[in-house]
């Protein structure tokens, strides 16, 4: 594995899931893989699980991890080619990235979308320029349109549940849009769709209000419906997530609270497990009764972030040792 | 030791002080105790000594320490049960804490009081919810009403001085209120009172202006007087600290500058050593002449923070290894 | 080496450069020097290269590094002797520095100038007080008037280029002022001048617009001219940097864009290598064509920050082991 920015960087998802579950069973089994190697974790945006799990994964592999809050600890970056830098940005990615490439063996970076201009965001210019100029392997800690470490974790978590309950038949997975008070990126929804489709071992349904269609390059292959109740029927897993609109870009069109999952709504499912990437706004996105109930697996899911990160790091380390 | 949030988590203070002074003599004597263990240090508020000494203590024990500035690096937490999260908080402690419990072996957390509502602050709902939901040992790095690592340090420092000067008689310790320009928590004063009383090896006097009475659950057993000069007579240790009012909660009622210690005032003491938890506002809380004089032991006191933290960490590690 | 705050702390620059280039060839050759030693890296101002390279250097030497953002993670410091602290500063350097001295073996600190009062800035009261009260070796990560780790790096980089191209004759080095939209410190220019002069192995020319004269204590020995074209003739190295005015202190007097280097201007040089300490504002300080062209060595230069820091750390470690 050279970089890890989308599912396209993975040749065999099932195999990667296997490695992750082995790390979960034996966290320190790869603790010499990272000896003498250093990862730089750059955050242009806030992060909790991603920040912590990536550091822990690196430590488990014997790597040194250095965390840097770009723009808070250091300088605001410029990404525009040919920019005349007489504004608020202090350093160009063309100058900063090659230096990260000198200081680190692997670079991990979080860069959120602006949600102002869809073409800019979907060009993934930020992370692509980092890759272009750093000259070392780059791991996305969530970019403008995708969140691959989260999605890899999600597949691990589903697979783990299937093993735990000895399920051999194809599970039904539903991605269900949820209300939110702020316009959020489409990253998690795009990325989850991309990974579930590439994994290919589930019946995949996406449900959301009208006007919340996602980019088809990620959802193609899934069944899409505006009827949440219908979508939930016989579901084995319900992945809850808000996102802002894609077509009329970055907006909130509906905050219909009836889209929030409740125990009543879940009755039609196959006692579905409920997933969410967190952070979750309680009683807006998801009700207390679900989150505090027996079918929520969000804590296990978040815990698995460590093994996803550790697997990706170890796969990259194997190529640079 | 399971958690460390107040003196009630300690069965034998004198024994614990002994361990701390051994660590001071041999900092690395426990450096295999923490191998393969990880502490998460979460700060909802600023910190210098606590932050640094906890990291150092963990390193001395061979632990990995990860520091996380909640709300600055990550998301603002919600602590209200049943909250409808349509405001500024992004993640509920019920969702965050269990994940800290998955990522770390020990959790250390700083959560200041709001000083708005006494019942809320004194219910210690923040740290209690973290304990309830994290499922791993929790260390207070100062909570709404107590600062146990500071108070343990203070007892260590007093004991060290007594040994140094071969004092066998009971020392007189005075907690003396000092002026300040801002309303500060009662944590350090509460906690110091609680520990000195539980330690039981000193004559303990508290002096403050009227209206600054502390909560009796902590001070009961001490002599309390509004006459500072009388309190200082024959004192062996004077612990200087400001706090805001407890009864009419969180206010500044007096800033009478005559409460600031000077060499003149100290003449009636038994050449008392002066202590302060720091940070101290010079020439408001304490005069330059005292701080720069021979009887100030605040640097040694702050240095001892490391050994207090190291002792607490090692006691907890012994129960989870 | 006891402290590292200016070139005066170095007895033999050429020897030190040699050590740095050995570390570059063998990064881990000193990895037992720092065992059981701890460095505190304190930032009162933002930093990227300095922050990262110092941590990496410490790790390469087996030291533990703790980074602390003063005023952001902790409390705002007071530096005024005798201050009555009833304002925004929370802790005096006289109280904080001795504690850093207890917690760490080496202290590294960044403290920018205010650019308000030249006498204050040039007295270097901040870092001098830290040295005075910390009682342990202090490394400047850039102070009010100097940036010695940068300048040491710059000499390493020049020497490396000379070796690479088998140059035996004295190179011509030009320090060329560049436009900027904000008033910047004189640190890098002062320090570069001080080091090139002390190194003594170059023809050194400084060029800047009228009114941008630097402090003669640093520039004395260099040729100074307001004619940039003349200065550039036959230059082997052009070091580009903006600084604000020294005499009428801390101001911007000219932003004449013609001072920005272009390929056209560089034609009169001896295919000079272009250096800059970064961050650089593209197309204001330096043109894209230079930065993206074959003669820019700024990435290598920034990379060398690690070896400069590692050399300084190891020289200090040798005196305290």
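By letter and in written order, the chains are A, B and C; residue numbering begins at 1 in each of them.
Here is the rule we go by: a residue touches a chain if its C-beta (ideal position, glycine included) is under 8 Å from a C-beta of that chain, and two chains touch if they have at least 3 such contacts.
Computed from a prediction, not measured in an experiment: that's the story for all the values here.
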{"item": "Same vs different contact residues, chain A with chain B, by half of numbers used", "value": "different"}
{"item": "Turning angle required so that chain B lies on chain C, C-alpha fit (0 to 180°, nearest 5)", "value": "120"}
{"item": "Centroid spacing, where centroids are CA-atom means, of chain A and chain B in whole angstrom", "value": "39"}
{"item": "Multi-partner residues of chain A (each touching 2 or more other chains)", "value": "72"}
{"item": "Contact set on chain C toward chain B in their complex", "value": "36, 38, 40, 64, 66, 68, 70, 72-75, 78, 82-86, 90-92, 94-96, 98-99, 102-103"}
{"item": "Residue ranges of chain C touching chain A (in the complex, touch as defined)", "value": "28, 43, 46-49, 51-53, 55-56, 59, 69, 72, 181, 278-284, 288, 291-292, 298-299, 302-303, 306"}
